[in-house]
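The chains carry the letters A, B, C and D, assigned in the order they are written, with residues numbered from 1 in each.
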């Protein structure tokens, strides 16, 4: 380290990098290697989300309650992350709630454009404090959706439910 | 607080930020690392350890991306590890490097952050589906813009902020970036351009968002005794902070980033900063979306909650204002190769505090500045306070 | 007994990698001329194969390309029975790591028939019209007497 | 600073100890719990063992994961709650748990924190098929196009190692037999029956299916504390005497095929800190990576538990047996216990901690155990690994 000579503050530099256009890649002006990943997963839903999804299949929204702080958690978990204790009893919650925040989305997951917008929202479930989950608002005009709007779950037909978050088709405004 | 070793930044490097780079991720990492070493007059043989930051493997398309990148980052036969805190990774990389040196275990640490998002098709956005909860969110078909839109809506509603005030951030940062040699699309935009751009997920419009990019950045860290041998103008890392909030983002109020505030308090405490509004000369908060800069100014306690849009409207945050914010041009202007964009903010502090920022130099001989990044499910704040 | 629940998923993306600055030169030279290129680090006296734009040891920028003879020596070999998805290959594949006398590094590739450590092998290229600019433009390495 | 109240002052490297460990029994699958619930279980055990409350006493959390092992991008989003880290400094190191341990160690050395928790886990059973995950780790330009199972790299390395060390498949069988037998005494191990290797199915010759440690699920949490706090928490803290981690070239073409150079470099760093000059004499127990059977021998040499090319002879002489002079993988290793991806290193560490505490139960090795070493490798195609020396 002693051999080092102190440097003067450096001058503004020319940054390195070769920017390409999409055509360069598409028309093979530059070589590319294409690859399709084949990775697949089957995640064990476990105790808490397993029971939550079973509840949805039965047309119920379930939460867990912490015996120590009294907080109700939905989506449920087997622990209270604030008290670091095992959760206490399971609570059946109403299928109504309040829009905490929302968006009017014109793009799909793959960034393609949607003609009819999707309205994702965070729904605070009634009697669960401010706890809630992400879902979609339906049966509503984009311009009528607002924060604080009361909503109710619209369930899929019982025979079509599969123990999934999509067993609730969407939440609709309570008018 | 007693820290074992005082740590300085003694060199910095950065590639161009590009929509599509011909360079592999390794090559990008090399270019940034080489430049950081050159700027300090150091050889890789003099570097004791290497810390790397890079965001999801699903961008570069390589499992264990940290392993893949390590030779480009100069880590051959060295102690090397990769940190990962989502979008907060870039600034966190400097913190990761900081504890290598501050611990007394190493005299020097080369910190490299890389992202090559263009490998991911049909669009890097698609990979973001996989950041959502695999059991109860992914089946709803979410995309990344949603969470920003949901947070932005909550923030706007809480403080009754008009969209125009938010768009002003994009105007400022895109203008600032005209002076940055690494800028991806150096192009100014008017308020009207932003407001008229395509609505993606209201209230988010296309020009509210930083572009997708490839790029890399690097900084070289050294302990005080070594730093003084390397340079007459080391820039000190006086404070570091990071804080991760609960994963259950739908159980929190998103209008204020409390985790950023926690991280900022941690860093300020360490740096002995008691009044950030007075003691911070300029800041590089994380600005992947225009409202985020405002959100983060508030999280960094540089103003009151809901006050950031007003300061922006008054010109306080311009490069020649009282509290310049993102003089680099930020992610909105320079580009957003996730981890590299965060470390760019640390590079900018280094250059500004040494008076080497050229046309971007903020006036008034700045001495103390803060860089911050954010990430995960609106969940982590990473903060570095630097001092010349 | 309870049926435990699972939710299935994947990564709905695909990848397109560039070969990089050095990789582009390397693969083009194979495609166009059937020759192997390395980059030279004059500092460390090493010729990197495959080529890199940097020396991994001294991190110098490498810009000098040198040609490497197509004949090398087997350093290790294996006979692989599974494909990249874990399925049984139609027939086992002979693979070797081959070093070249003037190069640092080497190539991992298929060999025609079984080989042993120390065997001399030579790259056999696909016919020029069917080359695409890929490492697979080398069909395999064949054993020399 | 911790609520537990450290009195540390600058001037020398502070000593850091393991004060709590928690690990779930390793299993081929855990369909009854989610990854969060599995980790929560390990965390509860570790904090109970350490006698700390994570919400009050633990100041920082270092977790370990790789996105493609989880099937989730930015997996670090999903780590804080089940370890008690919500709204605290939590970060992820994308590597084996020993790397996370090393980073937690450095965090404490800075003086910033006094108590830090380290987490690692494996939910390998959530991965439908591991081969495509490994495939994604191969170089996309030079190696992946060959379309081969990534274990072929193990085949090449094994052949190079056997060739240069003059060891043979019989020695690899001895490693498999030893580790399977050792695991029989370990209640945490996945396998509870013993079978001699048959070498019925070749994977990538000379690598057979049985040379590869079978994947398992599990979670582990380790709590570290600075010296004064450690002494307050328990009578038998286990000290981190030295920690090292290193990478050889990530390019297969320029990495050492026959030697575990990464492990040798990491060991050198750890031994230097621990002031160990003659590891084979000074260490009483070793837990080394045995992702592949031959790796145990290669790693034993890298850790200087044998001179280069001699590990198989030591093995022949019974030195590494459970009742030998220097037991290697008395836990049963990954071959006996199950391979838990990035958690593997912490399983090794926890075994050494239990041996040093004299709390390993039926698999407690004989004699005084003063110092032990644990080591991890990140698997093919990497040439990276970490080493930790633990002492009483």
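One rule holds in what follows: contacts are C-beta pairs under 8 Å (C-beta built on N, C-alpha and C of every residue); 3 or more make two chains touch, one makes a residue touch a chain.
These numbers were taken from a predicted model, which means no experiment stands behind them.
Without chain B, the other chains remain one piece by contact. Across A-B and A-C, it is A-B that has more C-beta pairs touching. With centres defined as mean CA coordinates, chain B is found 24 Å away from chain A. Put simply, the C-alpha centre of chain A and that of chain C have 41 angstrom between them. Look at where the CA atoms of chain A average out and do the same for chain D: the two points lie 34 Å apart.
Residues of chain B in contact with at least two other chains: 21-24, 58, 61, 71, 76, 122, 126-127, 129-130, 134-135, 139, 246, 248.
Residue positions of chain A touching 2 or more other chains: 18, 20, 25, 30, 33, 35, 37-45, 49-50, 53, 77, 81, 109-110, 164.
Counting only residues that touch two or more partner chains, chain D has 31-32, 34, 68, 71, 73, 80-81, 86, 128-129, 132-133, 135-136, 140-141, 144-145, 249, 251. If you draw each protein chain as a dot and join the dots that touch, every dot ends up joined to every other dot.
Chain contact summary for the complex, chain B toward chain D: residues 1-5, 24, 55-58, 61-71, 75-86, 92, 96, 98-100, 102-105, 127-128, 130-131, 133-135, 240-248, 258-259, 262-263, 266, 270, 375-377, 379-380. Here chain A touches chain C in the complex through residues 18, 20, 25, 28, 30-45, 49-50, 53-54, 109-110, 163-164, going by the rule given at the top.
Contacts from chain D toward chain C in the complex involve residues 31-32, 68, 71, 73, 128-132, 135, 140-152, 155-160, 163, 202-207, 249, 251-254, 257-258. By the touch rule above, chain D contacts chain A in their complex via residues 30-37, 40, 47, 53-55, 68, 71, 80-82, 84, 86, 123, 125-129, 132-133, 135-136, 140-141, 144-145.
Within the complex, the chain C residues that touch chain D are 4, 6, 8-11, 15, 17, 19-20, 23, 27, 48-50, 56, 75-86, 89, 92-93, 95-97, 104-110, 117, 134-136.
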